[in-house]
Amino acid sequence: MIKVGIVGGTGYTGVELLRLLARHPDVSVEAITSRSEAGLAVSELYPNLRGHYADLRFSNPDPERLGACDAVFFATPHGVAHALAGDLLERGTRVIDLSADFRLRDADEWAAWYGQSHGAPKLLAEAVYGLPETNRERIRGARLVAVPGCYPTAVQLGLLPLLESASIDANHLIADCKSGVTGAGRGAKVGSLLAEASESMKSYGASGHRHLPEIRQGLGDAFGERVGLTFVPHLTPMIRGIHATLYGRLQGDVADLQALFEQRFADEPFVDVMPPGSHPETRSVKGANMCRIAVHRPVDSDTVVVLSVIDNLVKGASGQAIHNLNLMFDCVETAGLDAPAMMP
Amino acid sequence: MIKVGIVGGTGYTGVELLRLLARHPDVSVEAITSRSEAGLAVSELYPNLRGHYADLRFSNPDPERLGACDAVFFATPHGVAHALAGDLLERGTRVIDLSADFRLRDADEWAAWYGQSHGAPKLLAEAVYGLPETNRERIRGARLVAVPGCYPTAVQLGLLPLLESASIDANHLIADCKSGVTGAGRGAKVGSLLAEASESMKSYGASGHRHLPEIRQGLGDAFGERVGLTFVPHLTPMIRGIHATLYGRLQGDVADLQALFEQRFADEPFVDVMPPGSHPETRSVKGANMCRIAVHRPVDSDTVVVLSVIDNLVKGASGQAIHNLNLMFDCVETAGLDAPAMMP
Amino acid sequence: MIKVGIVGGTGYTGVELLRLLARHPDVSVEAITSRSEAGLAVSELYPNLRGHYADLRFSNPDPERLGACDAVFFATPHGVAHALAGDLLERGTRVIDLSADFRLRDADEWAAWYGQSHGAPKLLAEAVYGLPETNRERIRGARLVAVPGCYPTAVQLGLLPLLESASIDANHLIADCKSGVTGAGRGAKVGSLLAEASESMKSYGASGHRHLPEIRQGLGDAFGERVGLTFVPHLTPMIRGIHATLYGRLQGDVADLQALFEQRFADEPFVDVMPPGSHPETRSVKGANMCRIAVHRPVDSDTVVVLSVIDNLVKGASGQAIHNLNLMFDCVETAGLDAPAMMP
Amino acid sequence: MIKVGIVGGTGYTGVELLRLLARHPDVSVEAITSRSEAGLAVSELYPNLRGHYADLRFSNPDPERLGACDAVFFATPHGVAHALAGDLLERGTRVIDLSADFRLRDADEWAAWYGQSHGAPKLLAEAVYGLPETNRERIRGARLVAVPGCYPTAVQLGLLPLLESASIDANHLIADCKSGVTGAGRGAKVGSLLAEASESMKSYGASGHRHLPEIRQGLGDAFGERVGLTFVPHLTPMIRGIHATLYGRLQGDVADLQALFEQRFADEPFVDVMPPGSHPETRSVKGANMCRIAVHRPVDSDTVVVLSVIDNLVKGASGQAIHNLNLMFDCVETAGLDAPAMMP
């Protein structure tokens, strides 16, 4: 069994790791940390886990205990992995970071967007961006993986085929994204109350959002040079799910957009290119590690519209983290990630 | 008192007319028709109206009775107003049509999008497009008003200042729109069930939607020539509300976008330009005849983002219809439309 | 105009007072207090009020300013009205308290349930319990009114006819109540997040809830002696609304339950006894100052089931407070409270 | 592998069977029938199943094909299993009926509640009521199992310990039940639209509901004689989940309610008695085959309150059906049913 630890287990990505790992045949969760809930059984905080992880309690972070694990997931706010990852790597423990700490290659850019200096710039060189659809081989050998953000996952998967094939004007990409409220985390904020966030739709960060540089970096890698992107996220009255609606102006000869997407993802277990004319629903991936994509070319238009949906807590976070673990530890790639989405 | 009739009163725009007119000081509802519910008291179908409209029952459409009204609202599927409007106009009754029947000036374009020939092409010449913010004076004298669709209202109000001032590239406009489920009407469809439509987000009509030609016509009028528009509507898990997120590429000298919008709508009672940096929520207009707009210019970008929210049943339908009535009958412009939105 | 002040205006009952009073013909809001938001315009916190109350800003509580009002509403947590009501009454300002501070006649019982000593026991003698359906005449002359709680309003109105007529066993009453989440207030609590409270149903306080003694006191008054009551509240995934399902065992001769209810509330403008066989929906009172009631007698059973629905923020709080104001200041009883509910 | 068929696979219990069986190690789905969707791949109707059941298409019911299965699930409206079960049993195929067809032992009572005569009274003698917590051994040997209804499951599990021990007055039981909207099925009904059923709570069938005789039969079996029950179901604005709040008057000596419940269900894999003071949430069982129960004894009261929650589609339908299959075919009892609930 692969022994894993989870740092910061009280948030939504933490409990989602536990939900998914409960069915992973090769993994044993040895430790889960939380300063605020130390001593509490995980099932006391998350009653869905009653009957699972009978002896697992939140504990204060203990380098010895975490360092005895084969891998440690960070399901923490930014900055925490900066502080702890280096020590774990020295102990021979591999790190899978779900936070933003190692997603940007440029420490200065990170500092500019996060308002604090980068806490572990020396580790950046070996950090691997954990999007298996672009980085599978590098992930296999990685010691330190930065799991992509939720919006960046949905947007990159939707635009990769178009950028890699230079089929669209890369200077004027638009990503209009809609997310369920778990994207805002489990913090007690007035704006996230059911009484405030339900029966309403609003955008946020329209002038600039922290996921913008991450998306731009990934798309730039795919395209070969810097891209221009307008990214507007929206808060949607649902628990889970991201719907990315992506717009680009076609250029050059684009024979068959549908075939382009199908070929690009033919071997990917967690990307599903839907039939022509489809409109994927976020609920079709609820609870599942899957990205469903459809491509449209509206009438009378040179604009391509890509629809890309994921569950922000699974393919957008904990599921993708486990996918990375499977690659790093040579498990079956779909281990623990093979259950269908829950619908309705 | 202005005597009004409502044709097709069982749908959501019908009951919303009744809700709003209950507080209109100058209007008396004399008749409301429904073939399926003839004989039923309106409060039996809509218990929120118990205690209001005590004697009002649904009746079969009766030209005499409707023709005795000063004005008749059509809250019907397309095609019905085609059949009945001419007769009413001849009787001297003015017609305020909430359906799509008279929105497009070109009967052939209408036929192409609605899959049937236009039923009253001779009336098109005198039909006035009932968007008060562009057509106030023509509405005052109109006998036949086509109330704009919900999406077209939100999109046009958000883009008018930019097009009228030629501040953006009119060939590549993008309107990413999110609507609550009442936009789909009160018909019993599986896809509109709570079990199907809640906890999910999806687009529809991504390759072409009937509101596209209406929006394009209105924007073309504002710009002075044909515009290019990509319009993608999305179904959002909420009852009411439309959030239009609008993208255009800036061109020429745009000194102050905020001032441009504030000046354009300075005298409009039902358009609210919010302070810089705002992200309007649809719930801020829930139940109210109001469009709230914010303008953003994202960092590092030549793209302008306009956020425009309305209640699809009020400013997007019944409220705007009453606004038209107020103009046509020289009432106070805000009569019956002055209640604040309900929040939370 | 009646000059009113609002203490504690940032919560949901505060903004609901503003929403309803915006349409009250006889009332002018002169002051609204909030320590945390002092200086902020009300429309900055509640954008639905943009265009209303243009000059109204939250201010720190100022006895002079509040004392210059004819009446002051307290929309505060318990304890605040204890501290401030006496001074206002001495200044000749009448007090309408939406909190629990003056609902229980017995200061010791209050102290036992609220975990602190009663802060103004001397005022209890003159405090009037503001349920107009039982106390209309006393309210007219009152200087200090305790507006009933939301659950107590729904439960009392549903059981009054049965207890007043001694038609049920008063020792074993059951009130199973379901409330929308605004009942928990606008505080930032994890349990009230959309991600936690939606798509779920749970009870709380099943072993004892603070509204129990208030309900018991009111029902005891109606019955003439102490009653036995089991009260279980539930958190329902919706913004507004209370559904009280009430159970009692019939005793004696009960000729016609429907007539009993209809006669009891025949003259009440804000209680609607629905036709036999009805199942009132909370949405039928959304935003309206109305309690709708239906009475059922299940097959093969000596148990009566009463269904009683209100909007917790209106008939369960701010609307009922305004109803009290109307009575105290001799306004038309329905002033400001005559709009239909919003449905859908 | 156990070969199974599903009759009536387009409804919510049908797709839930497919979702759960996708992970069952011992089961192969050989056929799924639907007259309306014959020919369609299951993943075309339910995109969450894309990538699973690649070759499975809906087909018209074919006795040969179904009769070649080891077991057939009926996920159909009432009446269908009456018509088809006998033939299948003769072919040696075991029948697991999720409908109401074989739940009541008395054909006349069935006819009275369902408004049609019983279609297979001769099979009643061998039909086994599939509540494993009371009937485990009979289920193991059964050829024909009637899977309990959703409300009956939640209510019976919550009251069994009290009735078996004669701890409560069995003549005056009250079951106040709240269900998510999937309980109403996938039919296109206006009342089930998101626009109608969300943001609202209502009861239905308050005077008598078809689940009443089933519950009464089960409780009577537990108690040893006929019980008196008032059962009021409510429609709750959520997709899944039932919350049963159960009331009974204590009698005799009841030493320790908590211990009574814990002992009764100590060996049950799918009943979880929560710690004293708990208030189980329906979301804690979302997607899982689990019933969580808490027992309360309110202050100053001789009434016991039991809180019992299930997912109506899992423990209330398809999960319990698979549990029955596991017992009938000697699989591990939890096979296919061991995943934690999804939370949030």
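Just so it is clear, A, B, C and D label the chains in written order, and each chain counts residues from 1 on its own.
Definition applied: a residue touches a chain if its C-beta (ideal position, glycine included) is under 8 Å from a C-beta of that chain, and two chains touch if they have at least 3 such contacts.
By chain, with names taken from UniProt: A, B, C, D = N-acetyl-gamma-glutamyl-phosphate reductase.
Please read these numbers as outputs of a predicted model, since none were measured by experiment.
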>> Need the most distant chain from subunit B, centre defined as the mean of C-alpha atoms.
In response: D
> Is the C-beta contact count larger for B-C or for A-C?
Replying inline: B-C
>> Between subunit B and subunit C, what distance separates the C-alpha centroids? Give it in angstrom.
In response: 36
> In whole angstrom, how far does the Cα centroid of subunit C sit from the Cα centroid of subunit D?
Replying inline: 39
> At what distance in angstrom does the C-alpha mean of subunit C lie from that of subunit A?
Replying inline: 45
>> Quick check: what residues of subunit C touch more than one other chain, meaning two or more?
In response: 12, 182, 195-196, 198-199, 237, 239-240, 280-281, 283, 286, 344
>> Considering only the defined contacts, which subunit D positions touch subunit B in the complex?
In response: 12, 180-182, 186, 188-190, 192-199, 237, 239
>> Please output the residues of subunit B touching subunit C within their complex, sorted ascending.
In response: 12, 15, 18-19, 22-23, 46-52, 182, 199, 239-240, 272, 274, 280-281, 283-288, 290, 292, 338-344
>> Residue numbers of subunit C touching subunit D in their complex, please.
In response: 172, 174, 176, 178, 195-196, 198-204, 206-208, 228, 230-232, 234, 236-241, 243, 245, 247, 249, 277, 279-283, 286, 294, 296-301, 303, 305, 307, 309, 344
